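Next come two complexes built around subunit A: one with subunit B, the other with subunit C.
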Partner chain A sequence: MEKDFSRRSFVKGMAVGTLAGYFGAAGLSSTVFKSQLLPKEKVNLVDIGQIKGLKIKVISETSWYDNNVFLNDVKKAGGLLVNQYEIPWTREGVKAGYLGDNLGGFSTYIEAELMDGKVMKILLDSGWNPHWMDKRFKEEGIAEKLAKKEIDFQVISHEHIDHFFGIESTMRHYPDIPMYVPKGFYQDGFDLLKGKSFPKANVKNDHPHKGKVTVLDSKQVNVLYPGIALMTFDVPIILRVFGEQAFVFNVKDKGIVLVTGCCHQGIISYMEEVRKKIVGGEKIYAVQGGLHISPFEDWDPQYDDLIMAFNKYGVQKIGCNHCTGFITAEKMIKAGLPVVKGTARHMSKRDIYLGNGDELVIT
Partner chain B sequence: MSANALDTLWLEERKLTDLIKQPVIRGILDTLLAFAVFMGLWWVFMDPRGVLRWYTPQYGYMYIRWLLIIAIWQVYIFNFWPFKLEWMEKAHPLKKGLILIAINFAVTGLLVWVFYYNIFGKLAIPYFSWPELKKTGLSDFFSREYSSLAILMMAAIASWLSPIWPSAFENYPWHKLKQPAKGLTVFAVTFLLTTYAYLIFMHPHYRVLFYPWQEYTAAFPWWYNSFHTLSGNFNVGWIMCATVSVWLTETILERYPFRLVRSQPWRGIAGFLFILLLAFILFFSFVFFQDMVWGVSVEGAKRIMAPDWRYLHTGELAVILLTVGLVLYFYFDNWPRKFSTEVNILIRVAITIVVAVGLHWAYYKYSHQLLGTQAGYSHPQQFPMAPVILFINVMLYHNWFMDGWPGKRIKREAEAL
Partner chain C sequence: MEEDVKEVKKEKGWGSGILLGLLVGIVLFVLTYQLLLMAK
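For the complex of A and B:
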């Protein structure tokens, strides 16, 4: 042994080693046994109230028509982190597209009947390609409802291209519609709302928004009306977007119904938050909307983790679509999850899940 | 290193003299210089707002990992062969640096584009080749991402296993061989081990990555039941911690305590086990800290609640720790050196941990603006290992290839006497 090795330093070394060993062992036990060994944390549950029933109509879930064209736009621009306002999105010459345009969009129309019988009419998101969205809004009677100011408010789930860039289609009919956006919106997003155009990304809004914009943050459950709430998640998202919000409805005699745009926060994380924060959260009856799992038919073993865990939550109806992905839907069905079938109309490609014009009614 | 070492590297024998005398000023200037070069490289090659935009993130990260392991091979395994050590002493650091960096880049390109894309991926395992994967009908973008992850994991495992031979085993039992026989032997042995390790720790990830599951060609992720994820990120995390352990022991820990073992191969075996133990301590401690801050992860959840991301993040935490350790070692002369070995090491470890906490905070506060990476902690595009390892590469180029010039240079023989 070398001479600098003394008994005192050996003791010191042992002390450091023991401390390190303690953290290591603690980590190993919480890794393997998860929360089984920890006391349950106590939180104050929020009672959001109840509604009588809910009608959810898919206006458009087809955000783009050719995955490869979309991904090539992204790849050419430098990958999934590039600012969405600076990517030249392909809008011509796409065979599978709508009149050659690769862009579609995402939008959902919701009617929620309050306990006093009043029906709240809500528009979630405004799609992407204004031509496509104008057509869909007209076909489903949304344009008319907007023009008559029958729709109570619009919620933008998150700032993504396919949910927000088609804002003109809403604004041209009802420029002062009250609007809720999640915390994390960039200035670019507010500018687009106010009428700025972004020629590089081929997006504009010639009908500036004149109504009230409410920014909701993640600190609390945002109860809008009895039985209708929004939860915001501070989640980093591809194409330089940050933050997403999603609905929590509490339907009498059924349970909680979650309605999402893309669900970038992850459906399991979302359900966990609902369980943790909302009265009745342990009984989630249905989930509707994009679940952002394999939007490009890409895969990651983490998504199998998700499908294998999904069954533990006892959800009775999964009205997924959009960025959920077909591979995911096939795997979910194989895993015995109750995916609601669609009808594959209005350019929705398959009937494996809810498509454009399909409806999920919960009463 | 220790007086009874079997084999030493040119790097250990190299004597440097300070051109900038004041050590703190030199250290700060050197760190800033390395950072400036890093920012330039990041902007040209990686930044999503920059020129080539390879940080997608796996594609750019793949190159960064290979640049690192090839630098390790150049210096630790081949001891700068085919260059004569005489030339290494005499050539101007700038000239030497440019030539060695050019070789570093060229070998990386050759390995990725010729070996992986066109030989190994074409003739053996398609997921090692971007063009081959694309032929199966996968999108161009994800073909590149998936193949990049596989290729970079080879480099990641190699940067844990390769340096153990020169560092812990002192190249035993091949210490008497001459270059390039010694380098080739150690390279062949460690790369064989790397390949087996890859097949055990990473190949099962690819069983579940493709649809349908590739059950005839790869084992089921055997870690699933204990560690609650199918993702190979579980192994990525602890292997990253192991890589960091190797380099911490090699630098601020001065190969302590395993260098106290008197003879080979026992010293090497002790070193290997010590590094593995340190890796597991780092790994599970980091998991524990995250569980304390964010709550225990949930199976199937995404982002910060996902078990697989938590594992990945241990690697990210470890590499941030290593960066600070390396700055202390390279630019602040491994301060302090005046107390007993144990005290020196304890002080260094304490400094490293404290500064690393600060760096971690600064990284997540400023990287979104500065590097164009994703905001927030957890996202597939917020991948601190890429920029942090590129910064480490720059430090290695500067110190290994360029003798720390212009802060330092090699001592001429006359001065050494």
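For the complex of A and C:
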């Protein structure tokens, strides 16, 4: 028996067996037993606290009035990567525009009632065309609130034209308003805040900002007040913009309410981040603002997947508008998603979603 | 003929080698895995 046994064969077999055993075990552990073997990911959930209720009023969601004119401006300037401060935007002769001006703007007014009863008044973004924004601020009583310094602070969601170039409309009433901007703001943006003009883009600010500007980064959830937080996302955005931030409110007995400007970070990524980082993030009650899906009313089949994915979050109110796109709203409604209807006033074209002057109240 | 038989007989040992090798391989993997975890 001993003589039949080949030491060389045994060694060869052992070499093969060792390799097979090692890599086989590695394969099994990384697939079948992965969840049991890997250490749990350490995530420190942030408890942002709670608020009693929330009132969100759309001041303006109509950023421009004619998509073709807007796109033509961009195309003539060299495309979507051109610096927005260098593009001569069409300001007259547009039939669908406000007094012939193609520019409108985006701005939302928010009242958040803290648990102690204090109401925080917040202005999200400042629109684009100062004439249009002045009119809307006046109509909705924002101008008066700003002049009386009743608004606690302003948040700029991102540096884009339609959210930021109308900063003069805020500054003329309340130049020392505290401001929050996302990390990634370009020097041009800070210069515009301080009163610099950009004649090529036909943008100016004759009322320099004198208050405190806080730059928020994406490293942490930025809790501003109990129940009110901002999340910043490091996203590159067209027209040479970087970074966007959006609100996270936690309303007692309802759940998380997300309020966005344009949501260039992607609505699914935004909701996933909230789930991953915030206590109670698994229950997103409402989403409000631009969802950036089909801003130019085009449609890509991948957007269908996005709408299907939306379903799993169990959102009970979708107060979308602005860059969400009408096609998206139609598809969402068709998919059974609870899109809140608007009233199609103040130059908002359709009532399919929340328009200018419409309100979403969560209490 | 006798040499052929010898050759066949010499091949014995593969099976037990592989079995022992598998065992050694798995133990080696578990050890390196644990070492990596400790190093973290």
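The rule is short, and it goes like this: the second predicted complex is superposed on the first by the 321 of 363 C-alpha atoms of A that agree within 3 Å, B and C clash if a C-alpha of one lies under 4 Å from a C-alpha of the other, contacts with A are read in each partner's own complex, and residues count from 1 in each chain.
Keep in mind that, in the parts below, a residue touches a chain if its C-beta (ideal position, glycine included) is under 8 Å from a C-beta of that chain, and two chains touch if they have at least 3 such contacts.
Predicted model, so just to flag it, every value in this text is computed and none were measured.
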item	value
First, second, both or neither for A:Leu71, with subunit B first and subunit C second	first
Superposition-derived comparison: subunit B or subunit C, residues of subunit A touched	B
Touched partner set for A:Asn83, first subunit B, second subunit C, both or neither	first
Subunit B versus subunit C as contact partner of A:Ala26, first or second or both or neither	both
Which of subunit B and subunit C A:Thr18 touches, first, second, both or neither	second
Partner chain in contact with A:Tyr186 - subunit B first, subunit C second, else both or neither	neither
Which of subunit B and subunit C A:Ile238 touches, first, second, both or neither	first
First, second, both or neither for A:Met308, with subunit B first and subunit C second	first
Subunit B and subunit C contact sites that coincide on subunit A, given as residue numbers	4-6, 9, 12-13, 16, 20-21, 23-26
Residues on subunit A engaged by subunit B in the complex (per definition of touch)	1-2, 4-6, 9, 12-13, 16, 20-21, 23-28, 30-32, 34-35, 38, 41, 67-68, 71-72, 74-75, 77-83, 234-238, 240, 242, 264-266, 268-269, 272, 296-302, 304-310, 327, 331
Subunit C-touching residues of subunit A, taken from the complex the two chains share	3-26, 29, 37, 39
Subunit C to subunit A touching residues, read off their complex	9-26, 28-30, 33, 37, 40
Of subunit B, residues touching subunit A in the complex	2, 48-50, 53-57, 59, 139-142, 144-145, 205, 208-211, 221, 226-233, 257, 260, 280-281, 283-289, 291, 295-303, 305-309, 340-343, 346, 349, 372-382
